[in-house]
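Next come two complexes, and both contain chain A; in the first it sits with chain B, in the second with chain C.
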Partner chain A sequence: MLAIKLAYRNLMGARLRTWLNVFVLSLAFVVIIWFKGVLNGWNQQARHDTISWQIGGGQYWHENYDPYDPFTVEDSHAPLTDEMTAAIKQGKMTPTLISQASIYPQGRIQSVSLRGVDPDQQILELPTEYLKSDDGEIPAIIGSRTAKNSKLNIGDYVTVRWRDVNGTFDANEVKIVHIFKTDVPTTDLGILWIPIDKHQSMVQMPNQATTLTTSHEIGYIGEFPGWVFKDHYFLLSEIREMIKAKSIGGYIYFIILMSLAMLAIFDTQVLSIFRRQKEIGTHIALGMTQKQVVALFTVEGAMHSILAAFLAMIYGIPLLALQAKVGWSMPAGTDDFGLTLSDTIYPSYSIGLVVGTTLIVLITTTIVSYLPARRISKMEPTDAIRGKIQ
Partner chain B sequence: MKYIILAVLMLGIFIPVNAQIPSGDDILKRIDQNQVFDKAISTSTMIIHSRTGDRTIKSKAWSSGTEKTFVEYLAPAREKGKKMLKLGKNLWIYTPEPSDRIITISGHLLKQSVMGSDMSYEDMMESDELRSKYDAKVIGKEMYKDRECWVLDLTATIDDVAYFSRKIWVDAERWLPLKEERFAKSGMLLKRTEILDVFYQDDRWLPKRIIFKDMLSRGDGTEYIIDSIEFNVQIPEYQFTKAALRK
Partner chain C sequence: MKNGQLITITDMVKDYPIGKGYFRALEDINLTIGEGEFAGLVGPSGSGKTTLLNIIGSLDVPSKGDANVLGHSIGQLNARQSAQLRNHHLGFIFQTYNLLPVYNVFENVELPLLLLKMEKNKRYELVNQALDWVGLQDKRKSRPAQLSGGECQRVSIARAMVKQPKIVLADEPTANLDAENSHNILQTMETLNRDLKTTFIFATHDEKVIQYLHRKISLFDGKVAKDEQVKK
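Let's turn to the complex of A and B:
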C-alpha cells in the first residue's frame, strides 16, 4: 500500500512527463479496443449474413460437389430421397441445383452459375418469392453486383446457354424479375437464381439437387448416403481465416503502438533510477529492502497503465460508443472485393475484449517497468545515498 | 377423273426429280469422301475477331486420315511452341517452357474454347462423326453464294451430342459444306460455319477460308484460312506420338 501511495505521489510530481506517457498508452488502449471491436463486428455481421443468405443451419453437399472446382459441378447432382423430400416439405431444408451456363448480355459472353432454388423456401433470405411465375417465361433474380457487371436491369431479357445432363446445348431467354442487395458476394457474383423446377427440366435432372440447406434451428438432420453434411465450422472457415489474417495484420499496428508507449515508459524508468539514486539510497537506509525499492519503482511504472486506462475511459468510451452507433462506412466499391462485408461495419466491444486489453497493457507495462528497476538490487546503498553514479 | 389425271401428271413430274435426290446419308458420305486423304501437311492462319481486337494465330498441321493430327503453333510469340496431338478421341496439349507440361484434354475440358476462338475442342473433334450421331434429311435445294446446294437437316439420334440439330448447305457439285448452322434443343441458332473461299487441288475442292461464329455473341467470329496444303507426303509415325510433343 505504501508503495502504491509513494508511486502515485512520484508520478503526480513528474507532471507533464507522466501525462505524456499516460496519453500515449491510453491511445494504445483505445486503438486496440477499437480495432478488435471492428473485427468482432465484421465477424459477427459476416457470420450472421452468411448464415441467413447462404448456409442456414448447415448444408448437405452432393459427395462430388466442390465449389472451388467448376468442373465437378456437372457430376454433382443426385435425386432427392423420400426422406429428403419429406424434410423439404416440413421446411427443415431446401434444395439447390447448380449447373454451369453462359449468358450473353448485350452480346457479351459471360460464364454464370445457374442455381435452381425453391420459390417457396423460407430458410434463406434470398427473395425467391419473385421467382413465382405462371406465364411460361423463365424468371431469374440476380444480385446487384452481377446486375452491375452484366449491365442488367429488372425487366431485361438475357439469353442463357446451358448444357443438359447429356451435354447437349440448349438456350433460352431469361427474364430478370428482381435485383437483390446482399452483403454475401458468394450468393451474388456470377449467379443466376431461377426456379428449381424450371432448372431441373432445362437440364433434364428431374427431382435432383446439388446441395440442401437446412434451417437455422434444425441443422443436421441425419445421414443421407451420397451426401455429406457441412456444418458451420466448415462453411464459415473462410470468414474465420479472413478475420484471423486481418487480426494478424492488426497485431503489427498494436506492436508498433505498444512499442512506442513501452519505449517511453522504459526511458522514464531508466531516467528515474539514474536521477533518483539518493532517494533509492535513503529508502534503503530507512529500512526498505532492495526488493521493496524495486517493487516501488515497478509499481510506479505500472501505474502509468492504470492512469492510461482511466484516461482512455474518459475520451475512449464516448468515442467508441459513437462509433458503435453510427458504424464505420466502407469506401465505395469495397463490396466488389468478394468479401462478406456490409456497407457499414458496426464495431462490437465485449467485456472480455476490454478486460483482456487492459490486462495485456498492464502486464506489458509492469514487465517493461521492472526490467530497468532490477538495477536497483545491484546498487551499493552507501554509494547510492551519496549519489555516486553506478 | 381430272383429279386422277392431275395426280398422275404430278407423279410424272416428281418421280424423276425424287429419283435424283440423294439421301442425307449419301451426301454426308460424299462430303467425307471429298475430305478423305492419306497424309497431309498444311499451314493455316486463325484470326479471332473479338471485341477487344483481332488475334492471329499461325500453325502447321500434320494429318494422317481423320484419326491422327499433330499441330504446332508458330505465331504469335505467346503461342509459339504450343503443340496439340489428336489420336482418335484423345487429345493432348503441350505448353513449352517454362511450364513444359502435357495436358490431356478430356471430359469437361473438351468444352473449352480453342485458343479463345469461337470453336471448342469438342467442335474440333466431332467433325467426322455426323453420320453416326445424326439422322440426315434432305429438305431441298437452294442457291447459296451462286452455288447450287443440297440443304440437309440433321437431327440427333442419340442423347450424347453437343448440338441437337444442324442444317447444312452442301455444294451439289463440289460436295463441300458451304454453310452449317448448329441449333440448341429449343431451336435457337447457336453457331454458324461458312466457307467463304474454296480452292482446287489434287482433283478435289477444298475450303480456303472458313468463318466460325458463335451466334449468341456480338463478336465477328473466328476466321480459319488454309495457307497451304500438301497431300500424300511422307510423315514418320513418330510425329503422332506424345514424345513428339516435347521435341
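Let's turn to the complex of A and C:
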C-alpha cells in the first residue's frame, strides 16, 4: 500500500518524463485493442456472411468432391436418395450440382463453374427466387464481381458451352436475370447460378447433386453413404487462417510500440537507479529495507502501465466506441482482393481482449522495472547515501 | 540499555576489505553516549567519523566488538530490524541534504511518518510542528530546487526531527553552508536538543560546529584520542 502511494507521488513528481512514457504505452494499448477489435469484427462478419451465403450449418460433399481440384468435379455427383430428398423437402438441406462450363461474353471465352440450385431454397441468402421462371429460357444469377469481369448486365444473354455426363459438348444461351452483391467472393467469382432442374437436364444427371448445404439451425442430420459431412471448423478454416495471418501484422505494431515504451521505461529505471542512488540511501536511512526500496522502484515502473491504462481509457474508449458504431470503411476496390470483406468493418472488442492486453502490458512493465531495481538490493546503504556510482 | 546509556560501544573494530586484505577504519572504540547529549565526533579527514556514525545509525555493522544502540546490538540485527530501529528512533541529517527532488517541503518532511504508517491527521499535525521548529511554514509547497542551501538543510532537520526520535545523527551538516546559515541551523538544533532532550551526534571538522558542542570526541586514525566535556 505504502509503496503504491510513494510510487504514485514519485511519478506525479516527475511530471513530463512520466507522461511521455505513459502516453507511448497508452498508444500501444489503444492500437492493439483497436486492431484486434477490427480483426474480431472482420472475423465475425466473414463467418456470419459465409454461413448465410454459402455453408449454412455445414455441407455434405460427394465423397470425390475437392473444390481445389477442378478435375474431380466430373466424378463428384450422385443421385439423391429418398432419405435425402425427404430432408430437402423438410427444408433441412438444399442440393447444389456443380459442373465446369465456358461462357462467351462478347466473343471472349471464360471458364465458369456452373451451379444448379433450387430456386425455392430458404437456407442460403443467395437470391435464388430470381431463378423461378417458366418462359423456357435458362435464367442465371451472377455476383457483381463476375458481372464486372465478364461485363455482363441484367437482361444480357450469354452463350454457355458444357459437356454432359457422357462428355458430349452442348451449348445454349442463358439470360442474366439478376446481379447480386455479396461479401463472400467464393459464391461470386466465376460462378453462374442456374436452376438445378435445368442444370440436371443440361448435363443429363437427373436428380443428382455435388453438395448439399444444411440449414444453419439444424446442421448435421446423419450419415449418408457416399457423402461426407463437412462442419464449420473445416469450411471456415480459410477465414481462420486469414485472420491468423492478419493478426501477426497487428502484433508487430503492438510489439514495436511496446518495445518503445518498454525501452523508455527500462531507460528511466536504469537511470533512476544511478541518478537516484542518494534517494535510495535516504529511503534506507529513513527506515526502509532494501527489499522495500526495490518494491517501491518496481511498483513505480509498473505503475506507468496503470496510468497508461487510464489514459488509454480516457481517449481510447470514445475513439473505439465511435469506430465500433460507424465502422471502418474499406477503401474502394477491396472487392477484388478475393477476401471475405464487407465495405465496412464493425470492430468488436471483448472484455477478454481488454483484460488480456492490460495484463500483458502490466506484466511486461513490471518485469522491465524489476530487473534494474534488483541492483538496489546489492548496494551498500552507506555508499548509496553518498551517491557513489558503482 | 546498558547503564541508562542510549549508546554503548565496547571494544569495537571496523575493517573494510581492500583487495585480499583489509583496512582498519576504527580500532578499539569504547564509548557511551547518554540521553540529551549534544556530542561531536571530531578529527581530521579519514579519521573514521563517518564510519562510526554509520554504525551507530545501523547503516553499517562492526567487524568486532559490540555497538549497542537503544538496547539493540547493531551487529545482530537483520535488515528488517535495523530498518525498524532507524524508522522509529533515529534521525539523519546529511551534508548534501538528500531531500527527494520530486517532493515538496511538506512531503519530504512527511515521508518518515508515512513509513511509520501514521494516520493522516497526526501526520499533518507533526509536519506542521516540525516546520514551525525550523521556520519554514511559508515554503511548505516549494520543491528542494527552489530553496537555498540553508533552507534545504532546515528541511532536512525537520525531516529528522518530525517523528521526535531518540537520536539524531548529523554528518558534516554545515559543510555546504555559509557561516550565517551554519550558525542558524546549529542554533535550531541546540534549541531542539534543549527542549526535546533529543540526543544529537555530529561528525564534523568544522570549527563553527565544534564551538556549539557540549562534548567533543576526538578521533585520530580510527581511535578515540580524546573525549572531553565542554563547559557551557
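The definition used in the following text is that the second predicted complex is superposed on the first by the 390 of 390 C-alpha atoms of A that agree within 3 Å, B and C clash if a C-alpha of one lies under 4 Å from a C-alpha of the other, contacts with A are read in each partner's own complex, and residues count from 1 in each chain.
Basically, a contact is a pair of C-beta atoms (placed from the backbone, for glycine too) under 8 Å apart; a residue touches a chain by one contact, two chains touch by 3 or more.
Since the model is a prediction, treat every value here as computed from it, not as a measurement.
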Checklist entry - With chain A superposed, do chain B and chain C clash or fit? => result fit
Next on the checklist: Contacts for A:K148 in the overlay, against chain B (first) and chain C (second): which applies, first, second, both or neither?
Outcome noted: neither
Checklist entry - Quick one: angle from chain B through chain A to chain C, Cα centres, nearest 10°? => result 150
Checklist entry - When the two structures are laid over each other on chain A, which of chain B and chain C touches more residues of chain A? => result C
Next on the checklist: Let me test your reading of the model: by the given contact rule, A:T168 touches which partner, first (chain B), second (chain C), both or neither?
Outcome noted: first
Checklist entry - Given the touch rule stated above, what does A:R240 touch, chain B (first), chain C (second), both, or neither? => result neither
Next on the checklist: Quick check on the superposed pair: does A:R108 touch chain B, chain C, both, or neither? Answer first, second, both or neither.
Outcome noted: first
Checklist entry - Looking at the overlay, does A:L286 come into contact with chain B only (first), chain C only (second), both, or neither? => result second
Checklist entry - With the two complexes overlaid on chain A, what is the closest approach of chain B to chain C, counting only CA atoms, in Å? => result 72
Next on the checklist: Residues of chain A that sit at the chain B interface in one complex and at the chain C interface in the other, please.
Outcome noted: none
Item to check | chain B-touching residues of chain A, taken from the complex the two chains share | outcome: 71, 74, 102, 104, 106-109, 159, 161, 163-164, 166-172
Next on the checklist: Quick check: in the complex, which residue numbers of chain C touch chain A?
Outcome noted: 50, 54, 57, 59-60, 79-80, 83-84, 86-88, 92, 94, 96, 98-103, 107, 111-112, 114-117, 159
Checklist entry - For chain A, which residues are in contact with chain C within the complex? => result 2, 5-6, 9-10, 12-14, 278-279, 281-282, 284-292, 380-382, 385, 387
Item to check | List of chain B residues in touch with chain A within their complex | outcome: 51, 107-109, 111, 156, 159-164, 182, 184-186, 188, 190, 214, 216-219
